[in-house]
Every structure is written in structure tokens, then in C-alpha cells.
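Chain IDs A, B, C, D, E, F and G follow the sequence of writing; residue 1 opens each chain.
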Amino acid sequence: MNHNFLTVSDLTQKIKHLLDREPGIQNVWIRAEISNFKRHSRGHMYFTLKDQKSRVQSVMFAGNNRFLKFLPEDGMRVLVRGDISVYEPYGQYQFYVKEMQPDGIGNLYLAFEKLKKKLEMAGYFAKEKKKQVPAVPNSIAVITSPTGAAVRDIITTLKRRYPLAKVTLLPVLVQGPDAPGSIARAIRQANEAGRFDVIISGRGGGSLEELWAFNEEVVAEAIFRSELPIISAVGHETDITISDFVADLRAPTPTAAAELAVPDIKELLTHVYERKVRLTRAMKTLMNQQKERLSFLTRSYAFRYPKQLLEQKEQDLDRVHEALVRESGRLLDKKKDQLDRLNQRLISLHPQDRVRQEAKQLSQLEEALKRGVSEQIKEQKHRLSLQISKLDVLSPLKIMERGYSLVYNEENQLVKHINQAPVHSRLSVQLADGKLQCEVKSQSPGKNLNDGGIVNE
Amino acid sequence: MNEKEPLTFEESMKSLEGLVEKLEKGDVPLEEAISMFQEGMKLSKECHDRLQKVEKQMTEVLSEDGEISTFQVEEES
Amino acid sequence: MNEKEPLTFEESMKSLEGLVEKLEKGDVPLEEAISMFQEGMKLSKECHDRLQKVEKQMTEVLSEDGEISTFQVEEES
Amino acid sequence: MNEKEPLTFEESMKSLEGLVEKLEKGDVPLEEAISMFQEGMKLSKECHDRLQKVEKQMTEVLSEDGEISTFQVEEES
Amino acid sequence: MNEKEPLTFEESMKSLEGLVEKLEKGDVPLEEAISMFQEGMKLSKECHDRLQKVEKQMTEVLSEDGEISTFQVEEES
Amino acid sequence: MNEKEPLTFEESMKSLEGLVEKLEKGDVPLEEAISMFQEGMKLSKECHDRLQKVEKQMTEVLSEDGEISTFQVEEES
Amino acid sequence: MNEKEPLTFEESMKSLEGLVEKLEKGDVPLEEAISMFQEGMKLSKECHDRLQKVEKQMTEVLSEDGEISTFQVEEES
């Protein structure tokens, strides 16, 4: 026998693949009743889905059941959506639930969705309609059942966190047919009371039916109309009601609602202290900055050494003053020098030499003049004396000195003939050394000089 | 600041916060700064005092017909 | 300077700063320089006095508040 | 020179320097030179007096203002 | 020469120089030369007197200022 | 000879010189010669007088001007 | 001989010299010779007189001028 044997694992694998690929059994809705419900400590839910004829093992992992708005329980009829697959260790097919809604109360669901849609359309959930919940309320209205954990949780939390707040309970019915009206009235009453800052409304956990009052339109309406901000806290984390949508703030639990409503007084004190510290630090910083700035300014060079400015100027003045005196003196000296030089040149031009020279020339000329004249005179004298001496030599008197004489008649004619000298006429006889005046006594003609004839007086 | 209507704690805190922020920005004139500091410290004291003034407030019950009574919280059993 | 409205600390500081800058540039006429120096000394003193006053005010406020004094010591250590 | 507005120290110094420069050039007529010298000496004296005045002012400022000095010393320690 | 406006030192010096130059050329008639020489001596004396006057003025100005005289002596030593 | 414009010293000297030259040539008639001599002597006297005058002027300049001489002496020492 | 215009010294001398020459020739009749001699003697006297006159004139001129001589003596000493 040569069969190919599959291992169990192989078989199981093949079956799993077959199932996983079968579209009719993937992502399907099933209507069933829950039995054998168990919630594992880690959050996963294990249960059996059954009807009159069959049952199937089911699991809803924590990741999926986290958002359930109700807690499944045995006998509950539900609508589930999910996939079929094989749990290999047991070779068992299982239904893996992704989403679960209560069946039977399916009507409630429809109503919920319808109202939600309607109110949403009407703008009840609009963010801009949300009122600001005061950070530190003085007076808080708590609208819930006076009994049960919820009221206790809320009040103790409020007192613990912020003992200064005044807490007023407005007891209401939180389930049953009268609950919606009761809640809505209390909301209106709290508004009318005019002394509250904020309202906390809600209740503890319960089934969908138990929480239903908070899905009623009257409650939604009252919340929406409320002047006071409302913190809604219905059931547990997973329970979301219409009230939660309409409310200004939603808290997952009543305790959380109280925590949202009031600040922790210790935190506030810390907060105040912190502001004080920051305030002081900022002020100190500012002061230090200004001090530093001032000190920087007062330490600045110009401020610390104003004298240097002055000293600089002193020095400048000394320099210029000195230059003034020096240059003035120098200028004066220069002028003096110029004058000295000119003066010396002038002195050297003293005309005394020239006067002397002229005087000398003058005296020479004068000498020459005198000499010229006197020489001429001398020369003429000489010339004259020469003529005179010559004349002297030639003088006819020399002949007469030899005994000749010249006889002149009265007519002063030289008497050459006797008839020139009649008797008794007077004659003048010129001798060499003088004249004789004679009278003719007689004439004796015819006789030569040899006869003698001269008659003396 | 209006003296007639005392500030709420929140308003005081807000003022305080505003002062702190302004001061921290640092461009506040000195005289203004010290005023702000004084004002801030005053506010801070006010806030602190308010928080410290613990008057045990009784929880009241306001019944539907307007009656007020005290409410005793059930101690957790 | 208008005597009616005294300068704020910042204005004084700004004036002082202006004077110091001008003086440090060094081309200030002598007479102006000495005036500026005098003015500067005056301003410096004013600023100093104001700072001291403010510091005193601050110290007073802080000493009224025991809490912060402790804090202050811590800050500075 | 306009008598209404007396010259500043710097203006006087400038005038003085101008005179010295002219004198240095050396081609100044004698009578003008002595006038310039006299004028220069006058200016020099003016400058000197101003400097002394300023020095006095400064000394006064510094001594009358012991506080500022102290303040400065504090700052510097 | 116009008696109304006396010559400046420089004009006198120039005249003197002119006279000296003419005399140095040597072709000046004697009588003119002596007049020029006399005039030259007069001018020279005038110039000298002026210089002495100016020097005296300068000395006076300098001695008016005790400090300055000292300075001068220092300068020349 | 024009009496209106008296001869200069140099002209007189020149005339004198002319006379002397003519005389020295010797062909001057006696009567003319004596006239020339007389004229020459007159010129000579004139020149002489002028020189004396000039010399006196010169002396005056120097003596009346003791100061200048002194000044010169100082300068040259 | 024209009496109106007296002969100059030179003319007289020339005449004299002419007479002397003629006389020296010796062929002059005695009477003429005597006349000539007498004429010569006259001329001679005239010339002599003139010379004397001129000499006197010179002496006069020179004696008028004692000063000049003195001056000249000084110069040459």
C-alpha cells in the first residue's frame, strides 16, 4: 500500500485554508443566543452561539469587545458579525466575532440610531453648541440616583479633589419608564435654581435597557436646553448614550465625571505656587537684566573716564597754544631778519664813499682848472717877455747911444733938412738918454756932416 | 478690575497667569513690572488663601419640590 | 526734558544709553560732553535709585510671603 | 565773531588752529600777525578757562555724587 | 607817500627794498642817492620801531599770563 | 644855462670837466680862459657846496639816528 | 687901427710879434723903426697890463675861495 499520509496538522491546515477562502462564511452576520459566556481575565470573551438546532464555539477578542456598549450574558440574544476559521490545536472551527449587537432589543438600537441621527441633524451634538465647563466650579449639581455606587463615587471624588465646592444632589430615577422625565426635570430644576456652576448627570453601569433613560429624547432635549454645562457619565467606559453626545462633556465613569468637574485642590495649590515662582523668577530676571544693563552703562569707558576727554582737550590746547607762540615768534624773527638784511644792505650803500670820490674828483678838476689858467698866463707872460726883450734889442735907441740924435721941429717932424728948422724955431733933440730943447740960431747950408754943423745951445 | 464683584478663583488665576506670561516675556517696563509683580503676588496669595480656606461643605439634597436637606454619603461598605 | 512728566525707568535708561553711545563715539563737543556726563550721572543715579526702590518693593513683597523667600534662597544657591 | 552766540570750545580751538596755520605759512603781514597773535592768545585763554570750568564741573559732579561712585564700586566687586 | 594812510610794515619793507635795489644799481644821482638813503634809513627805523612795538606787545600779552611765560621760558631753554 | 632848472651835481661836474679839458688843450684865448676859469671856479664851488651839504645830511642821518646805529650794533654783536 | 674894437690880448701880441719881426729884418728906416718900436712898446705894455689884470682876476677868484682850499687840504691829509 503506497498511500500518502497526511499529518493531522496538514489536514487541519487544509481545512482551515478551505474555510478561510470560502466567501459565504466570511464576514457574515449571525443571529444567535449566548450561552456558556466567559470573560477571560485578559479581556477576551469566550462563549457558544446557539439556536434550537445547533451551536458553534465563538470568541470575541478584547480588541473587538472593547467598544461593546453592553456586557453579553447567558441567554442574551445577539446579532454578531465575524468570520469562520479553525482553531488548529483542537481542530475545531470557531466563529470569531468582530462586532456584536443585542438582538431582541434590536428595536432599541434602531430607535437609538434614529434618534442619534435626528439629533445630530438638529445640531444637538455640534461642537459649537458645547458650553465651557468651568475649571473651578463653586457649586455643583449632581443629578443621579441617591443610591448606588455612582452617587457615592461622584460625591467622594468631588470632596476629595476639591472640598471647596458645594455639592447638591438632585435625586432622580435612573431607570424605568419614569426615569427620563425625572432626569429631565432635575436638569431644568438645577438650571432654575440659579446657583450651580455645572451639572453632573449619570448613573452606574447596567444593561442597555437599564441605561436607556439616557437615550431618551426628553433627556437629550433637557441637556441641550440646559444653560449650565453638563458633564455626562452614564455606565461604563463602553456605554455611550445619546446624553453623552448631547452633554458638554462626557466622562467614561461617574468617578471620571467628578474628576472632570473639579480640579484637584493640591494641583491648584501647586499651580498657584508655580505661578508665584515664575512670577518671582521673571521679576528677578527683569531686575537683574536692568541692573546689569545699568551697571554696563555706568561702567562704560566714556562714563568711567570722563577726565580723559578733558585731558585730551588740555593737551590739544597746549599743543595749539605752543604753536601759536612759537609761530608768532618765528614770524617776528623772520621779519626781523628781513629787516636786518635790508638795513645792512642799505648801510653798505652809505654814500660817504661816493661823496669822497666826488670831492676828490672835484679837487682834481679845480686843480686842473687853476693850473690851466695859470699856465696859460705864464705862457703868455713868457711870450710877451720874449717880444719885449726882442724889441728891446731892436730898439733904435741903441743907434742913438752911439751918438746919434734925432731932431724934431716944432711940428714934431724929424728934421732932415735945415730948411725944416728956421732960425729961432725951437727944436727938440732926442738923445739916447733924454731930450734937449734947443733954438736954432742960424742955418748953415751946404756943408756936409764932415764940416760939423751941430750947434749946441 | 472691578472691586464690587470680587474675582472668582478662576479669574484670579487667569489674571495671575496673564501677569506671569507678560513678565516672562520680559519687555515690561520696570515700574509696570513691579506693579505687575505686586499684583501677581497679591493674586497668588488670594488664590492660595481661597484654596486653604477649607470649610467642610455639607452635601445637600435638593428634592424635586425644592426642599433642601443634607445628604449623607453612604460609606463604602 | 519735560519736568511735568518724569521719565520712566526705561526712558531714563534709554537716555542714558544714548548719552553713553554718543560719549563713546568721542566726537562730542566738550561743553556738550560735560553736560552729557552730568546728565548721565543724574540719569544713572535715578535709574539706580529706582532699581533699588523696586528691589526693596520686591523684597518687601517676598518677605511677606515666607514661602517664596525660601524658594529665593534656593534659586540663588 | 558774533557776540550773541559765544563760540564753543571746539569752535574756539578751530579758530585758534586756523590762526596758527596761517602764521605757520609765514606770509602774514606783521600788523595782522600781531592781531592774530593777540586774538590767538585770547582764544587760547578762553579755551583754557572753559577747560578749567569744565574740570571744576566734573569734579563737582564726581564729588557731590559719592553715592554713584559707591554704587559703581559695589557693581564691580 | 599819503600821510592819511600810513604804510604797513610790509609796504615800508617793500619801499625800503626798492630803495636799496635802486641804490645798489649805482646809477642814482648823488643828491637823489642821499635822499634815498635818508628815506631808507627812515623806513628802516620805522620798520624797526614797529617790530619792537610788536615784540613788546607780544611780550606783554605773554607776561599777562604767568603760566604761559613760564611755558615759553621752558620752551626756549 | 637855464636858471629855472638848476644843474644836478653830476651836470655841474660834467661842465667843470669840459672847462678843464678845454683849458688843458691850451688854445683858449686868454680872456676866454679867465672867464672859463671864473666859471669853472663857480661850478667847483657849487659842487663843493653840494658835497658839503650832502655830507652834512649824511652826518645828520647818522647822528640824529643814534638808535639805528645802536640797533645795528646790537644786531651784529 | 680901429679904436672902437680894442684888440684882444692875442691880437695885440700878434701885432707886437709882427713889429718885432719887421724890426728884426733891420731894413726899416730909423724913424719908422722908432715908430714901430714905440708901437711895440705900447703893445707890449698893453699886453702886460692885460696879463696883470688877468692875474689879478685869478688871484681874486682864488682868494675868494679860501674855504675850498681848506676842504681840499682836509681831504688830502
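Going forward, a contact is a pair of C-beta atoms (placed from the backbone, for glycine too) under 8 Å apart; a residue touches a chain by one contact, two chains touch by 3 or more.
In UniProt terms the chains read A = Exodeoxyribonuclease 7 large subunit; B, C, D, E, F, G = Exodeoxyribonuclease 7 small subunit.
Computed from a predicted structure; not experimentally measured.
S.K.: Of all the chains shown, whose C-alpha centre falls nearest the centre of every protein C-alpha atom combined?
M.R.: That would be D.
S.K.: Counting shared numbers against all numbers at the contact of chain E and chain F, is it over half, same, or under half, different?
M.R.: Different residues, largely: of all residue numbers at this interface, under half are found in both copies.
S.K.: Farthest chain from chain G, going by the mean of C-alpha atoms per chain?
M.R.: The most remote chain is B.
S.K.: Compute the distance, rounded to whole Å, between the mean C-alpha positions of chain B and chain E.
M.R.: 102
S.K.: Quick one: report the Å distance separating chain A from chain E, using the average Cα coordinate of each chain.
M.R.: One centre to the other, that is 64 Å.
S.K.: Can you check how far apart chain C and chain E are, centre to centre, with Cα atoms defining each centre and the answer in Å?
M.R.: Taking the average C-alpha coordinate of chain C and of chain E, the gap between them is 67 Å.
S.K.: Quick one: which residues in chain A touch 2 or more of the other chains?
M.R.: Counting only residues that touch two or more other chains, chain A contributes 273, 276, 280, 283, 287, 290, 298, 306, 310, 313, 321, 328, 332, 335, 343, 350-351, 355, 358-359, 366, 370, 373, 377, 380.
S.K.: For chain D, give me the residues that contact two or more of the other chains.
M.R.: 9, 30, 33-34, 37, 41, 51, 54, 58, 68, 71
S.K.: Spell out all pairs of chains that touch, sorted by label.
M.R.: A-B, A-C, A-D, A-E, A-F, A-G, B-C, C-D, D-E, E-F, F-G
S.K.: Show me the residue ranges of chain F that touch chain A in the complex, using the header's touch definition.
M.R.: It is residues 9, 13, 16-17, 19-20, 23-24, 26, 28, 30, 33-34, 36-37, 40-41, 44, 47-48, 51, 54-55, 58, 68, 71-72, 75 of chain F that touch chain A.
S.K.: Can you name the residues of chain A that touch chain D in the complex?
M.R.: 295, 298-299, 304, 306-307, 310, 313-314, 316-317, 320-321, 323-324, 327-328, 330-332, 334-335
S.K.: Please give the residue numbers of chain A that touch chain B in the complex, ascending.
M.R.: So the residues of chain A touching chain B come out as 134-136, 138, 141, 146-147, 151-152, 155-156, 159, 163-171, 182, 185-186, 189-190, 193, 265, 268-269, 271-273, 275-276, 278-280, 282-283, 285-287, 289-290.
S.K.: Per the contact definition, I'd like the list of chain C residues that touch chain B in the complex.
M.R.: 8-10, 50-51, 54, 57-58, 61-62, 64-65, 68
S.K.: Quick one: in the complex, what on chain C touches chain D?
M.R.: Checking each residue of chain C against chain D gives 29-32, 34, 37-38, 41, 44-45, 48.
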